[in-house]
Amino acid sequence: MTLTVSNLSVARGSRILLEGVEFSLTSGQALILRGPNGLGKTTLLRTLAGLQKIETGQVSVAPETTVYAGHADGIKSTLTVRENLQFWAKVFGTRDIGPALAAFDLAELIDRPGGMLSAGQKRRLGLARLMVTGRSIWMLDEPTVSLDTHAVDQFATMIRRHIGQGGCAVMATHIDLGLGADAQVLDLSQFRATDPAPQSSDEAFL
Amino acid sequence: MTLTVSNLSVARGSRILLEGVEFSLTSGQALILRGPNGLGKTTLLRTLAGLQKIETGQVSVAPETTVYAGHADGIKSTLTVRENLQFWAKVFGTRDIGPALAAFDLAELIDRPGGMLSAGQKRRLGLARLMVTGRSIWMLDEPTVSLDTHAVDQFATMIRRHIGQGGCAVMATHIDLGLGADAQVLDLSQFRATDPAPQSSDEAFL
Amino acid sequence: MSLWQYANPVKFLNLSGKVLPTLSVLTVICLVTGMYWGYFLTPDDYKQGSTVKIIYIHVPSALIAINAWFMMLVAALIWLIRRHHVSALAAKAASHVGVVMTLIALITGAFWGQPMWGTWWAWDPRLTSFLILFLFYLGYIALWSAIEDPDTAADLTSVLCIVGSVFAVLSRYAVNFWNQGLHQGATLSLDKEENISDVFYFPLLFCIAGFVLLFLVLTLVGTRAEIRNRRARALVAREKG
Amino acid sequence: MIALLIRDLRLALRAGGGFGLSLAFFLIVVVLVPFGVGPEMALLSKIAPGILWVGALLACLLSLDRIFALDFEDGSLDLLATAPLPLEGVVMIKAVAHWITTGLPLVIAAPFLGVLLGLPTQGYVWIVVSLALGTPALSVIGTFGGALTVGIKRGGLLLSLLVLPLYVPTLIFGAELARRGVLGMDTTTPILMLGGITCAVGALLPFASAAVLKINLR
Amino acid sequence: MIALLIRDLRLALRAGGGFGLSLAFFLIVVVLVPFGVGPEMALLSKIAPGILWVGALLACLLSLDRIFALDFEDGSLDLLATAPLPLEGVVMIKAVAHWITTGLPLVIAAPFLGVLLGLPTQGYVWIVVSLALGTPALSVIGTFGGALTVGIKRGGLLLSLLVLPLYVPTLIFGAELARRGVLGMDTTTPILMLGGITCAVGALLPFASAAVLKINLR
């Protein structure tokens, strides 16, 4: 259960953004990706999750062990918190949504429709979803956006528990996640494509 | 050019959220609203901006001096950065979008369609819009979400310049805006509706 | 070296650049000969009068309209299987020529129908399935233009082209069935081929050859333009960073 | 205001902006009817004016949810509502932009599609006149419907449901005008009624739309 | 998979979920046609089967963009694509859910609306049979169209444009079946063809849809 990335290039809209990205992650490790706006963090995470094409290089990971959580939380506004969470639990073949609810204080919101949640409550529900997937490699794009300090602590606790149980996580963020020394930090600026080459499919035209 | 709020209650979905909110702001002041998720910060800001009904109490402010920037930035994905910004400049009757572009390093993105911006770039464009409105009272809901540290600094500079020129700003946020002592902080938790009374229109039925 | 080497855009540009002038000249010769012969050197038909001469535009354009779709189908398969960019772009270019040819066939047919049948349009099976083909072209082109990423657009339009072809064949059958049910025997379409005398036949052959060449030339030009576009895009991407 | 008009037209014309698509839909409705009804020209030419009107109305209807929903979703509508533009003006401009990008193309295309349905020759001018008079009313009424349903996710069908009864008078007089024109009958009454509806609706409904929009944004 | 079906049905039944709206649209199209065409019953009953089919097809069409677009916009589709469900299965379930919430109500409503158009008595059963056989094909083809246009904002009209030519064979055989039924003619061929189309499309098209969806999510 590892994630190894070697010499990876990722591209968006026919421009290579990052080149030669290298890192590897094993059980019990967390990695924080940093870099200025527009560098390609979101693109990299989507590529790792298999939602975008790999330009060149390799990502070796078992797809059935990963789960992705992006900017949008995929919350249905007419389903209640419970229904939203239970749906994902069923899809991923897990049963119990109790721990996930508890981890983010969602119990009192359980019958509220998704559309009536505040920004932070939505995000908490989105994070709780991770726990019911039962997957071990988490890929998170700016997970703590809109969270208050208490919820950020809960998030850090969840991550610590997850890596304590042998899971791992890759997260992109601009702010402090409250993880302290539990997570390594990788600055992606070093991989910025120097001579921004066109995407491989465009290259054929040169 | 002041904003005075007295004994204000705000409600969402037939529940009163905040009660007896009191503050006032004059030229050259900035106010940061804090409070846990789901307290009612977004609701309060929308009420101040006139996008939501006032339950009880008063908001005294000239509507033609305020401008609101929420979670969504109102960026059209098929219009370029320039077209997006110029549209708002024309609507608000101002001319020059140069300073706004400069304040957020948008010059190099000027011909990129809105849909091709990263999360942080979108937010920078959303903030730049504030400058072209020429309005003096800004109401900002989590303005620095997705911004990298450099852009947060630019934001702080913009706010300082704005209040230096006699403007004012109310901002809701969970994280540090980099404003230091330039802004007062108001913790909204003290106004939390104690006995969550039903909304005024429901009261008639009691 | 295999034929596939010309699937390289740059090689393709070079090669097509070389053949284009010759092809263009041939096209002009065929078209001018066919048209001049057809319009000025043949007698009017004894039944149809001079309107018969619409045939010199109508039939070739109808032929091309159908075969352009076949070409697109082949190109779509090549793109999906071997991922040669030129074939995807050639399909796109061919669709533009094809839709114009379909339109020409429809319009000339309508102008022919007015004197011959007393109506601009009838829901004859042949005409109807042509109208459906026109819709397929429109959808295909709209899909190309709605998607920004060129590779994604090529993939999606290729699948659409394949699925669409199956449905086009099915509609053709359906339309035949549908109209016979109502117009027992009394179909409006002329008895073609057999009626046509040699006087009209040979100039028609020239016109058909001319239109085939015209299609080739326009498609080549279109493909070259698309390739240049992509090239420009790639260069801009490299420059800007 | 002009800026808003220009922006809306520009958005419509950009890729994926929907220009030409309602035209395509009109074409397709007109094409489908013979498949359903059968290919006899005599029958088709009898129902042609009615089908053209119903088709134009449906094509118009389908593009209504773009009027406000897109601006609502990406937050522009909140920003517009707090901008120094009168909401009545915004609504008016939206209706005008909708007519230019949807109604006008339909008016122009109608005679060509009439050919497919075997519309009699004297009918072409009347189809164009009736649609030119009637479609502005459709856009204004549609804008009202759009304003009513603005907060509702994918409210497209609900919008149709609300707007269609409001479209009935326009449809009746419009189709009647076209039919009478085709048959060479007197057309004064339907022309007056249709023109009257368009003027009245254009003058009054924007206020209702603005009011409704205000309520929806609150 | 079952969870997905239940979720989709639940979403459709909740407020604003669109259940019943395509039914309402069907009703309204059928109601509008007499306004456009004029009130003669003889003419109306002649075109009734065709109008019912065209109306059902349009109602179906309008609800197609809900199939994937909503899930795409709120990010669910990304999450579904990385979930342990085969994409072909997802597509199939989506089509089934669409049919249950759209096609089935149309089938049930059609005879009642037939009354409005003066459908002859012996026609009712044939309208129901033809729609019951044909609407599943409409849902499956529509799902393919939805998958093609999923990344495109408000792709509703483009979707219609792409899907309508694909609907033509189903429409022809469906309407022909209904018309022949009404006239008491032989119905074997259209029944076989319609059933064949539905089966073939249901067996093969989901693979194309899944492939297209994969491309779009990449």
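In order of appearance the chains are A, B, C, D and E, and numbering begins at 1 in each one.
Methods note: contacts are C-beta pairs under 8 Å (C-beta built on N, C-alpha and C of every residue); 3 or more make two chains touch, one makes a residue touch a chain.
Treat the numbers as computed from the prediction; the structure is a model and nothing was measured.
Highest C-beta contact pair count among chain pairs: D-E. Greatest Cα centroid separation from chain E: this falls to B. Centres computed as Cα averages put chain A at a distance of 37 Å from chain E. Annotation: 49 Å between the Cα-based centres of chain A and chain C. Our note on geometry: chain A versus chain B, Cα centroid distance of 28 Å, whole angstroms. Computed from the mean C-alpha positions, the centre of chain C lies at a distance of 32 Å from the centre of chain E. Shown for chain A are the residues that touch two or more other chains, namely 13, 71, 77.
Chain C has residues 135, 138, 142, 146, 148, 178 in contact with two or more other chains. The residues of chain D that reach two or more other chains are 15-16, 21, 24, 28, 31, 35, 38, 153, listed in rising order. Contact residues on chain B toward chain D in their complex (touch as defined above): 49-53, 63-64, 66-79, 83, 87-88, 90-93, 129, 133.
Note for the complex: chain A touches chain C at residues 13-15, 193, 195-199, 201-206. For chain C in complex with chain A, the touching residues are 8-10, 85, 148-151, 227, 230-231, 233-235, 237-238, 240-241. Note for the complex: chain D touches chain B at residues 2-4, 7, 10-11, 14-17, 71, 73-85, 217-218. For chain E in complex with chain D, the residues that touch the partner chain are 16, 18, 21-22, 24-25, 28-29, 32-33, 35-38, 43, 46-47, 49-51, 53-54, 57-58, 62-63, 65-66, 69-70, 152-158, 160-161, 164, 167-168, 171-172, 175, 179.
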